[in-house]
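To start, I am sharing the structure in question, which I have written as structure tokens.
Letters are used for the chains, namely A, B, C and D, taken in the order the chains are written, and counting of residues starts over at 1 for each.
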Amino acid sequence: MSRELATYVLRRFAQLLLIVFIAVSVNFLIPRLLPGDPVETAIARLQAGGGQQSVDVQAVAKVYREKYGLDQPLGAQYLNYWRDLFHLELGVSFANFPEKVSTKLANALPWSVGLLSLATLIAFSAGSLLGALLAWPGAGHAIRAIVPALMVLASIPFYLLAIIIIYVFAVVLKVLPPAGGFDTTRIARLDLGTVLDVVKHAVLPLCAIVLGNVGFWALGMRSQMVSVLGEDYITFAEAKGLGPWRIFFRYGMRNAMLSQVTALALAMGAVLSGAVLVEVVFNYPGLGTLLYVAIRGQDYFVIQGVVLLLIVTLAILLFIIDLLYPLLDPRIRR
Amino acid sequence: MTALIELVGVAKTYAAGFRQTTTALSDVTLTLSKDVPSTTAIAGESGSGKTTLARIMLGFIAPTRGEVRYRGKNVQRMSGAERRDFRREVQPIFQDPFDVFNPFYRIDHVLEIPVRRYRLAHSRSQAKALIEDALKRVGLRPQDTLGRFPHELSGGQRQRVMVARAVLLRPKLIVADEPVSMVDASLRATILDELRTLNRELGISIVYITHDLTTAYQICDNIVVLYQGHVAEAGSVERVIRDPRHPYTQLLVSSIPLPEAARSWGREEIKAEFAAPRASVGCRFAPRCPHALDVCWSELPPRFALEPDRLAACHLFRDLPLAPSADLAASFAPAEIPSPREAGRGLG
Amino acid sequence: MSEGEANGAGAPILVVEDLRVAYDTLAGPAMAVDGVSFSLKAGERLGLIGESGSGKTTMAMALLRLIRAPGRIVKGRVLLDGRDILTMSVGELREARLRDIALVPQGAMSSLNPVMLLEEQIADGILAHAPRTPRAELARRIEALLRGVGLDPSVARKYPHQLSGGMKQRAVMAIATSMRPRVIVADEPTSALDVVVQRQVMQTLGRLQGGLGAAVVLIGHDMGLIAQFADVVGVMYAGKLVELAPVEEIIAAPRHPYTRLLIDSLPSIAAKKRLIGIPGLPPRLVDLPPGCSFAARCPYAFARCRTETPSLQSTGGNRSAACHLYPEAQALPPLGAASGEARP
Amino acid sequence: MSGGLKGLRMKLAERRIGGVLILGLAILALIVLFSLVGPLFVDAHNAHVGAMTPRRPPSFDHWLGSDSQGRDMLTLLVYGTPNTLKMGLIAGIIGVGLGLVFGLVGGSLGGAIDTVIRVVADALLTVPAIAILVIIAGNLDRMSTNIMALVVASLSWMFTTRTIRAQVLSVRERAYIEVARANGESEWEILFREIMPNLMPFAVASFVGTVGSAILAVISLEALGLGALEETTLGNTIYWSQQSAAILRGYWWWWGPPIVVIALIFLGLFLTSVGFDRFANPRLANRA
């Protein structure tokens, strides 16, 4: 038992390392594999598109050349790349030269992680419960009317949903702020007012991600639950004379959740991609917006840094989900 | 006696986790004659290795040790032409009558392919006649069977189609792996009787893999009883099933539920052995054996010849001579020439 | 073979009257159980035998009112000690299940919740009926139940996947007998087990039943198994009970042609004989032909069989059969020369 | 549990098998028709900057109004929809093609090749696609809708690979494969005659799903400004509207219609895949 568990954890950890390895290698290789000298291309782009900020192009070019080290053999470049990573040396931002990329990432990360995990948690639990109820014969008829709505929600990309939500709630109804993570005119202080302000700004982006996800989880759970309810152990539980809610939660949902959690691990990548765009639409101060601004400003090291961080964050989230799975399933087999 | 198929010291082990192996089948030598069509049962419970033996015989898996020779040629090292002959002449019948049909095709597919691949017919009409004849032989009406999809037939009908498929090829040997365990009771007897008829009328040897000793007794002349990959007892069915001597065979036979008051289980419960350790040295049955001796725990019992037509691998018989040959068939009942009565029925 | 206590006169504990269960299919309703009636006294063992599609499993489910869509109970009564299970309130039904009538299901492998400890699954049933059972008492009962089915009490702390097939079947029996039910419905309890384990499990079931004095309905497809266990055998064909008789009598001299052909088709180890199956196929339950469902396969069938459905009638003694040969015939006449096989 | 309710639900489900699929296909057909027939009714010149008065709300002459550059919105929609569809289809075809090859190779050959395919596919499945796509797209000199389709296709093969591989492995274990062997079929015949036909429903289902996720990836990249900005697509239209703060300024006719068309495309694909699932897998239909 414990040995199987150890094998399982080790395997999952290897998967985590593999994802990080792929992410780093892709980041390293793609600029070098694509035609043209990446440094020249980047500088040319910077000069062409960098009208809005005054950049010391020479300084930037110097940093670029050092960072890339194109005169060295590829293997050495690759090793250097890894060494820099271990020192969290991700380069500097051009848009805010010479601010370090790692500082920018550190500022943005909490916003993204907070928004994403809260939204996923809400959407996943609410969706799963809703889906289980949809499959439950004793749950009344009215609830089934929402299935078409769930189908529509599940199919629309949630950054489009975000646009609609902003228009309705911030532009037409004007009940909540349309953009940002906090009121920039406030003095940063940890008090109730600040907290409320942050919460107020988070409501709409949160809603966009939750609404965009809840249908997916509900429909997935419904079909899982339908198949679980057909299992023999449900019939036997009924034959034992158990009450309906006991059967619903301990025998039905408890088992249907196993595949829901597996699905969660598989869907996190898509959820994260969608959340990045929601941040952009709301100009939310997280990684998504940082990425967007960096792309617009051709701030290449920032782009790389965000991409790397997104992948690693996700890999760690998945690893956590994987570690939780054996708690749910005593068989630890997948 | 010229051999049709020979299993020589065949064993199969599987990797089971880290540096561990499970023995699915251990040291089976068995020769089936080419001249006299035989019926041999391989019997055992789940985990006995009987299906492994069947699949090795069919060439679907390679043995870990030993070899299978068909007409003297090692099955794993055959030329293309030899392999084709082997494939045609040694035919399987499987347990699950639902899984043997590709759901994408009509019933005809499974009958037409072999006719084409083995060039059994020179023309389309001849092929059709062959197929229809084979179906009729197993009691199916071609017009009700051909052109249908598998799910439109019942389990019994599908299993008969598989028998018809085997008939079509006129094989030398049919290896039937639990052919009726998933078929309704009222149809089982018919299918088993068809197998027996193939043996008598077409001279096809039958290897019948089963967990059910009563059907083994009815359609086979000889039997090999396996326990956890090892031969427990082998010989003629009259000896082994009607008068079992190995403690395991005795337990098996006494546990058969028979609709006869005279053969009641009685009210006395036999002891249940849960998670009996899989003995790795010594007799595999020792943990469950009511007569186990000290030697049973340390030494694998050799095969003793109890009678000319029966052997048992059990230390209880250590005073008796060892079996004369590694070949299990040496302890089978002498092959009998089909009696006139049976021959007469066969022709009729 | 019947137990002494079974013979003690007394009102039957389980009475089934004209039970009908239909499955709604796209081709129309299929009557899976079609007017079945029987009764059972405490301590009695009834074996219901039938092939797949004979309605025997539906029958088991209907006795506990566990029929699910697309199936539905059309009519009939299942009287448990005089109370009709089919009309009692949902709360009463929940009370009655396990306490009065318990199920030993077909797939023990899949009847246990894979993510719950065995002790939780046993406790669940007990707590549903006696919510205020103290913890210590509960633990004691679980241990006693496991010992009762021949399992080591340490099994309580295991998950189903850690148990072998035979152990799971025993665990299920421990749950089924946890509230000392008066009727046990066992639906092919050994269908996936090896013969030796099958024998052990059936003997354990017999011992538990004897201890509780409960009536048992054993559903199965294996005449041998039923004969080893039951006192009375009911034969089902196409949703109907076609014969009902004490076990020795039905095996020695079956009255219904189907029963006879079924018994004749059984291989035995007494003597080698030619195996003869029943010709034809079981009918599809949607749009059954008029008359007797077995007529098309019956060597005794005559004109009346194809127009008029026979009902279960007494054929003397405590035996009954649904066949137009009776009451004229005293016993099933020998088969014509066509079968080529003499009666033993 | 009440049997009656569930019975009704089953009946509804049974009848809905066809309905969902038909609805999904109908929506898709409508959109394809719109992209095919649309150009006949609009003037391509209206898609150019300054073709008309900027920022006009919908009117009788211009049903969907105009953007801040004076382009006619309906014309943009008519020319943008096929471009977006095209990218999804190209990426879908390439992605499913690659996935089929990898899945078949991995599933039928096994061994080290299979391990590599499986591990890489699983790892890439859990990486947020947008991150890698951003790196690729961000390093390209030029961007066109065709290049965009290729970029997206490079990360569209894993799901199909996974599905097909699992299916090959499961079909290979079926007894009918051994029957085919006993029937004298060669390993190639077994692969193409016995295994392949049973993969087709899965390939079709994967295709629908892959086209959907490809379009999603395309509009995501476009939303970040990494699209083919010189070309007219639905995603670019939304991008430009956002650049001009059209949401906050209340120009709903600018971003609204492309959102509706995209939503319809996704709804159509989603319903098709749900409907097809039930159609291809009758056991699901009976359950759900």
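Things worth noting here:
Everything that follows uses one rule, which is that a residue touches a chain if its C-beta (ideal position, glycine included) is under 8 Å from a C-beta of that chain, and two chains touch if they have at least 3 such contacts.
In this text the structure is predicted, and so the values were computed from the model without any measurement.
Steps from subunit A to subunit D, minimised over paths through touching chains, total 1. Interface comparison, B-C versus A-C: the higher number of contacting C-beta pairs is recorded for B-C. The geometric centre of subunit B is 32 Å away from that of subunit C, both derived from CA atoms.
Averaging C-alpha coordinates per chain places the centre of subunit B 52 Å away from that of subunit D. Here the CA centre of subunit A is 55 Å from the CA centre of subunit C. For subunit D, the set of residues touching two or more other chains reads 1, 5-6, 9. In subunit C, the residues that touch at least two other chains are 68.
Shared interface positions of subunit A, defined as residues touching 2 or more other chains, are 238.
Subunit A makes touch with subunit C in their complex at residues 231-233, 235-243, 246, 250-251, 254-255, 258, 328-331. The part of subunit B that touches subunit D in the complex is made up of residues 58, 60, 84, 87-88, 91-92, 94-96, 99-105, 110, 113-114, 117-118, 162, 165.
Residue ranges on subunit D touching subunit B, taken from their complex, read 174-176, 178-185, 194, 197-198.
Subunit B meets subunit C in the complex at residues 45-46, 154-157, 184-193, 196, 211-215, 217-219, 241-242, 251-253, 255-261, 264-265, 267-270, 272, 274-275.
Considering their complex, residues 1-2, 5-6, 9, 119-120, 122-132, 134-136, 138-141, 213, 216-217, 219-220, 223-226, 238, 242, 247-248, 250, 252, 255, 259, 262-263, 266-267, 269-271, 274, 284, 287-288 of subunit D touch subunit A.
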